[in-house]
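Let me begin by handing over the structure; questions about it come next.
All chains are identified by letter, namely A, B, C and D, in their written order; residue positions are counted from 1 within each chain.
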Amino acid sequence: MDIRVQSAPFDLGQEANAFAARQTGMGAIVTFTGVVRDVAGGLDVMEIEHYPGMTEAALTQIAQDATDRFALGDVLIIHRHGPLTPDDLIMMVATAAPHRASAFEAADFLMDYLKSRAPFWKKEKTSDGSDWVAAKDEDETALNRW
Amino acid sequence: MDIRVQSAPFDLGQEANAFAARQTGMGAIVTFTGVVRDVAGGLDVMEIEHYPGMTEAALTQIAQDATDRFALGDVLIIHRHGPLTPDDLIMMVATAAPHRASAFEAADFLMDYLKSRAPFWKKEKTSDGSDWVAAKDEDETALNRW
Amino acid sequence: MDVLYFAWVRERIGRPKDVVETQAATVMDLVEELRAREVRYEAAFADLSSLRVAVNQELTDFDAPLENAREVAFFPPMTGG
Amino acid sequence: MDVLYFAWVRERIGRPKDVVETQAATVMDLVEELRAREVRYEAAFADLSSLRVAVNQELTDFDAPLENAREVAFFPPMTGG
């Protein structure tokens, strides 16, 4: 299990290769990468705030839950904080499992919990001002799937 | 859309980075990578046969169906043929979409169709002899999900 | 006890942290004490349905007891990923 | 018309391809002609439920017509991915 919370950028390809290389007997590897979108146009900066200490604990718990539930061989979570700009990579997860169904489901599960249970908050800054991104009701209800 | 059928190895990290780098406005990127497993122990070689011509056409059709159905920004499919050994990467797909749900579902859809509708056949060679991998009924029924 | 604020809660209160001496038995009791402090606290805690709380870095409810609480944090619903 | 064989169908028949002159109207008619050729063809086509067929590189059924067919391929269920 590899959990990282950092302001520095990460290299998706390098992380995916390192993750894949350290697996044995895992038939399926899934990665999910979240990217800053300029939805309305004019996004200058997306600032991600987090709760140091709790963030790492929450991500570790979420990763452990996924590992137990889906019998994963391995999990990686990297989540950035601080100022990001459009097309920057925000975060990634990777899962390794013997079969594809559990690798896919685990990645989906991780993302659902990461969205609503990991203490990150996004603020969008445009030339018109800045606004905190509101949580979506659907993100909360998505947890009921599991 | 990028479809490749090749005997040469591919570099997951390099492909994931190139795929991510050519997207704009896509909030979600999912990759799936299939890896040769030595399930019973003693697997020397997994030989993948395919149907040149039909393979490329089938993969292109599957990628097009996924693009239309899930409004994807982009799709990548790479599938190897020829002799592979345990822990070799067999294939990968990548999907890019504005939101994570469609990126995940599209990757899952691609894999279901790739399993049962793309003309590849796997033969496992061990010291005891060799056997064609049998298709699973569940792979065929998985198509009914879509 | 350290009381932490994040995102717009932090902005509304104008600071990331208070060190609080309190006999509050529950999170809700602590919220009432904070509300009574100043109008900006009252504003920040006006609508509890838009807030979440963690005690000792674990998500919990507003009726959670504060026994053994070293750190309480208030923040809006999370938007990670 | 090119008739192609893949995986264990190819192995059982002992060759990857036949060039066939035929008036067969459907895939099934062609299968009957092939079965009549030699015992190894008969063996390969013994259980059609374990076979799949493509005409002009598109998956189809055994009752598909062979009008305009340039290439017919027989193979077991696919195991890609």
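Basically, contacts are C-beta pairs under 8 Å (C-beta built on N, C-alpha and C of every residue); 3 or more make two chains touch, one makes a residue touch a chain.
Computed from a predicted structure; not experimentally measured.
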item: Farthest chain (mean CA position) relative to chain A; value: D
item: Centre distance in Å when chain A and chain D are each reduced to the mean of their C-alpha atoms; value: 48
item: Between chain D and chain C, distance of the C-alpha-averaged centres to the nearest whole Å; value: 72
item: Approximate Å spacing (C-alpha centroids) for the pair chain A, chain B; value: 23
item: Multi-chain contact sites of chain A, meaning residues that touch two or more partners; value: 34, 100, 111
item: Junction residues of chain C, two or more chains touched; value: 81
item: Chain-level touch network, classified as line, ring, star, complete or other; value: line
item: Chain-to-chain touches, reported pairwise for every pair that qualifies; value: A-B, A-C, B-D
item: List of chain C residues in touch with chain A within their complex; value: 4, 6-8, 10, 54, 57-59, 73, 75-81
item: Of chain B, residues touching chain A in the complex; value: 11-17, 20, 23-38, 87, 89, 98, 100, 103-104, 107-108, 111
item: Chain C contact footprint on chain A (complex, rising order); value: 34, 49, 51, 53-54, 57-58, 79, 90-91, 111, 114-123, 132-135, 139-140
